[in-house]
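Here chain A shows up in two complexes: once beside chain B, once beside chain C.
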Partner chain A sequence: MRQLTFNRPIIWQPLPGMILSTRLMDILWLLVFAALLVACVVWAVSTGSYGLDINKVVQALLTPEAVPERQVNLVWELRLPRIMAAVLCGAALSVAGVIMQAITRNPLASPGLTGVESGASVTLLVLLILLPNALPHYLLPLAALIGGGAVAAFVYILASLRGFSPLRLILVGVGITALLSSVSDLLITYGDIERVESALIWLSGSLHQVTWPDIQVMAWWSIAGLLVWSTFRTLNLLRLGDSVALSRGVNPKVMIPVLLLLAVALTSAAVATVGTLSFVGLMAPHIARRFCGDRHGVLIPMAAMVGGLMVLLGDTIGRILFAPLQLPSGLVIVMIGAPYFVFLMRKMRH
Partner chain B sequence: MKLIKYLTSVILVCLVSTVANAAEMRVFENRYGKVEVPVHPQCVVSLHDFSLTIQLMELGVKPCGSSARKKLWQDPYFRGAENRFDMSNVQYIGSHKAPDEEAIAALRPDLIIGMQSQIGLQEKLSHIAPVVILPTDELSIKEWAAQLADLVNQKGRYQDQLKEYNGVVSEFKRIIPHPEKITVTTLEMYEDSIYLIARGGLGEVIKDFGLSRPTVYNEAKEGLEYSLERMSDFDADYIIDTYEPLYNSREATQSIRDSKQWQDLFAVKHHQFLYFNRSRYGESMGGLIGNAYLLNSHIAERDRTLMEE
Partner chain C sequence: MNDSTSVSALPKSGGVSLKLMGMLAVGLLLLVVCWLHLALGAKSIDWALVWQALFNYDASDSEQILVREMRMSRLLVSLVVGAALALAGVLIQAVSRNPLADPGILGINSGAAFFVVAGLLFVSGSRSVSVPLLAFSGALFAALLVVMLTGRQQSSGRMILAGAAVAALFSAMTAVLLLVDQQGLEKLRNWLTGSISASDIRKLDWVWPYLVPAMVGSLLLAKSLNAHHLGDMAASGLGVKVGRLKLLSLFVIVVLSGSAVALVGPIGFVGLVVPHMARFVIRNDFRWLIPYALLLGAIVMVSADLMGRLLVRPYEINTGIVTALIGAPFFIALVIWRVR
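And now, the complex of A and B:
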């Protein structure tokens, strides 16, 4: 009886014209993950090499004039930008992963596997290693978007030559990713050693250089995530196949490129801000799915929170575990996340 | 009683002057703009151990924090400085590519100094203390070291170093009036490849001495990996390999040194292959001076055979 109550659908309207059907259980899990995210943010903002107790942190946040400027700067300029970047980029990569898995109907799909992330990262590697002064910092996400978008368009065109096939999209994506990774290797092997060293740290997913202007840019790009959420019904239908989607008024030929573009925008912005964190786009949607299934109205916000949580945990652990030695968050995420992911997946039947 | 009063006033004057010195600011300007820096910095953080930290120590300024090399569960290693100076009170602040900003902030520095490749760190670290980036990639060691000396108020010590270096260069040119007739290749040898490279001050000293490079060396790209089959292309009157004392590179490359291609090289045949410590003579004025003395001894102050002859 209790189970039935928890699983009874609740229909509500989060945005005008957007009808969302959720269950009490979904709302509870969303609240749990939101609470976890808030707890993790509080932990991250009060932890670091500079000993600062939570009272000082709260004071620095609420009444900055009452604490020394150094401590205010520490909280506002060093810790908060990293935290915000971790949450925003983790969420963006995770939502991009949800899109890729939905439109390809393949649980292995992620921005990393379909060439999008490689396109964005190779573009940035070219800019970092070969043309370091070509673009101002705030235009890097746009450059990554163009690179990622070009690769995504190329992969999509190749996958659609004889009618769109999700499997072909993945296979072409894998091929293009392999090609682009050889370009990355070439740049890394023969590039200027100092620039390559910086690029390698960025490639492994590092947030130590993130500043507020980066967050502003990332926040604008994150609007794409809200657009994705507004298309949850389309994603639900696309997962059931093209014919079902068409019969319910969703044209895959129009919606798949649109959704792909949104995935590219989210991935490129995240890659430009924190580097490549491929595992997040694959893993976070699967973890979220364990709690809410494939209903994208709930899956998208939950996956966003899981993604944000993963990157935030990875970055915070990376900066305190062997401090002052800083471990790239991408490394920590894979080291901690992969075993947990395997543990979760072993319970799945398919 | 008078003595106590006198001592108290002396101590007070000293304290006041120290505080005044610490607070006194000036504007330092280079190609990266103007930065307000303390005239007498009390706690300098160096973002690069192998160049900036060594040069600071040579100038008599002990940084309160510096980047270093570190492996997990091992002590940090201040490359190039570790074996020359007492680094016990120099706080490790992380790697030069990803320093721990909070560890830097905890030191309460009044000046942070970085290299050109660390320009991306400037904005964020400037919330902790004034950050000066030195144009280390564009300027010679002598030129950026002059900026560093100016920054930490140690121009006198720098002038002594420069004078010593220029003295060795003059001496070399006096003994060898036509240094351009002597060719030198600098490389790093690994188990399966060679890299053309002139780390530290070596390349700068070779240039200042007026020595030549083999024609093919000038056309080749420094820092690129070359096949061992191309070893003979880079043959010269002198071949200089450098080694890192932390690793047994000599043992690791012994089979190459035993090979016929290696033994047939002109420089090897005529015992003009030199093997220098890469970390001892790093990117500092001391590194330049050390390399200058080494080259002077090995090239100018002993008998030699030249390919041309």
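And now, the complex of A and C:
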């Protein structure tokens, strides 16, 4: 039977999320998180074994000339690099998590699934436990970067051996992660216990050795995050499925590898600077989604701030909880974040 | 529940006698592997001496003591652990209809390990009672978490991811505990990677009361599993209560993998590999698959332990690491060839 409605004008409607439509609430939440982040940075600078009051901190940050040199040094040379590293790495991991979850269309995907983290960990364990004097200390992050990148490339090659699919990618990622973690287990179990302990602390994400040059490197890598933000439209479309993306002029065959590369770059930079903090990349995007939904134009900056906040809080709480003992921030994040994550996932069971 | 009322819900593949012959062959293979396990190691022992130690024991000969006291108990532990893990793998793959499922990959083993470590640090008292119970509760907790995270939709990818997240979570929390208590690390790092050498035969007594009912129970579940294999609708049509079947299987899986963890620590991938090996021989008849898996699991575990001891002798690699090094490539191959 022929349809009778023939004169209906076809209205071209953009798919949701095609343009960066900002709502008032989005801007509000972004501002709230930015303010929260600044407040946390100031708080993190002021706490520690040598306490400073907030006024002093603000003075030291804004007008360093007016404050005694010792306090300026403390703030600028000891605490600030660490805090910047925490924020940048958290943001990088979180954005990488957003990418992974969008590409795989799976809320449980994390940046670690590309194999970057396990590759970097194994590289580092080999260098720290088996060949403790092979490389000078400042080259270790670079080595971790190379190791992580190599493993990620390997995972991608394996996943696309018989045609790439997001499901294959994550499953191969799980397999490679399991394989490499058994290699690290091997090293951890039979290595010299002193070296194992220092390696373990590094691996569980600790920030106490970060210096300004590290931050500079990290900041360069963060440009990848800006690139990701510029592709928010692609991410929105990819989430809806390959065919939708294709019909709107996004070629998944090209864009998925590009986005993966960006995710790997972000993750490996973060891992090389602070060690493995895998949970942030899994969790921060979900927290951010509670405030802005799945619109990546807003989600990406929001997730970046949430991730930064998480690592910063984890690190600072780890510093003060059992002072003078410092808990690695990765462990603090897992301890606090895991129950919340379970709660979060319970709400979205579909 | 007699045979005339039950529906044999399977394609006939090969006669019963063929399956029995296969079983016999697998049993012989198991005997050979066990023999090698007793005879080879850091110190190879003459075959005649092994025979003597087994049937004509002379307690004054140091080599016979080695066979009887050290290797024998190791052998028994690995037999039991291998069988339990393989059985857990068969059940978990059947119930979740996911060929990639495994107690290790789904985080059940790491949940049990975390509870055991936490319990040993904070609870004092008799280990023989507490360790298995801690392991069971950890395994149950992790399994429920995975079920919850997977949600209603039967997506194998999502389930594996949920398992990976749970496994990562629990191993991170174990790491927290061990960093806080560094002497604990020194003591437990061996057990935490799944080591049969850290176990001994007395620990078997801890888990027998749970393990035997679980194994018998899984045999009783075989018929319902056959029906379940046809799909939920068909199964309920055949009079199987699917919900109850899943719940029972969950308990059996928890007990089986919890016992394995209590004995030797978390060992992964045996539960993944063995069901596929068994299905190579037997298609999907669980009445045969389960006994085959028991034998094959024992073979895999004993040979993994043997390899761990032989590869770097006189040192040894923990069995859990050996199984992961072999099993993980197997998992990846399965993903590449079987997923979509």
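Here, the second predicted complex is superposed on the first by the 303 of 350 C-alpha atoms of A that agree within 3 Å, B and C clash if a C-alpha of one lies under 4 Å from a C-alpha of the other, contacts with A are read in each partner's own complex, and residues count from 1 in each chain.
Definition applied: contacts are C-beta pairs under 8 Å (C-beta built on N, C-alpha and C of every residue); 3 or more make two chains touch, one makes a residue touch a chain.
Remember, it's a predicted structure, so these values are computed and weren't measured experimentally.
Upon superposition of the two complexes on chain A, no clash is found between chain B and chain C, which fit side by side. Looking at the shared chain after the overlay, A:Ile201 reaches both chain B and chain C. Within the superposed three-chain model, A:Asn73 lies in touch with chain B and out of touch with chain C [touch as defined at top]. By the document's definition of touching, both partners, chain B and chain C, reach A:Thr189. Contact with neither chain B nor chain C is seen for A:Leu130 once the two complexes are overlaid on the shared chain.
When both complexes are overlaid on chain A, the residue A:Ala219 reaches neither chain B nor chain C. Once chain A of one complex is fitted onto chain A of the other, the partner contacts of A:Leu24 are absent, as it touches neither chain B nor chain C.
By the touch criterion defined above, A:Ala178 lies against chain C but remains apart from chain B after alignment on the C-alpha atoms of chain A. Of the two partners chain B and chain C, it is C that touches the larger number of chain A residues. Minimum Cα-Cα distance between chain B and chain C in the superposed model: 5 Å. On chain A, the surface patch touched by chain B in one complex and by chain C in the other comprises residues 189-190, 193, 197, 201, 328.
Residue ranges of chain A in contact with chain B, taken from their complex: 48-51, 70, 73-74, 77-79, 189-190, 192-195, 197-198, 201, 206, 208-209, 211, 319, 322-326, 328. Those residues of chain A whose C-beta lies close enough to touch chain C in the complex are 106, 108-110, 112-113, 158-159, 161-162, 165, 167-168, 170-172, 174-179, 181-183, 185-186, 188-190, 193, 196-197, 200-201, 204, 278-279, 282, 327-328, 330-331, 334-335, 338, 341-342, 345-346, 349-350. Chain C contributes residues 100, 104-105, 145, 148-149, 151-153, 157-158, 160-162, 164-165, 168-169, 172-173, 175-176, 178-179, 182, 185-186, 189-190, 192-193, 268-269, 315, 317-318, 320-321, 324-325, 327-329, 331-332, 335-337, 339-340 to its touches with chain A in the complex. Of all residues in chain B, only 70, 72, 92-95, 97-103, 105-106, 108, 117, 120-121, 123-124, 127-128, 137, 223-225 touch chain A in the complex they form.
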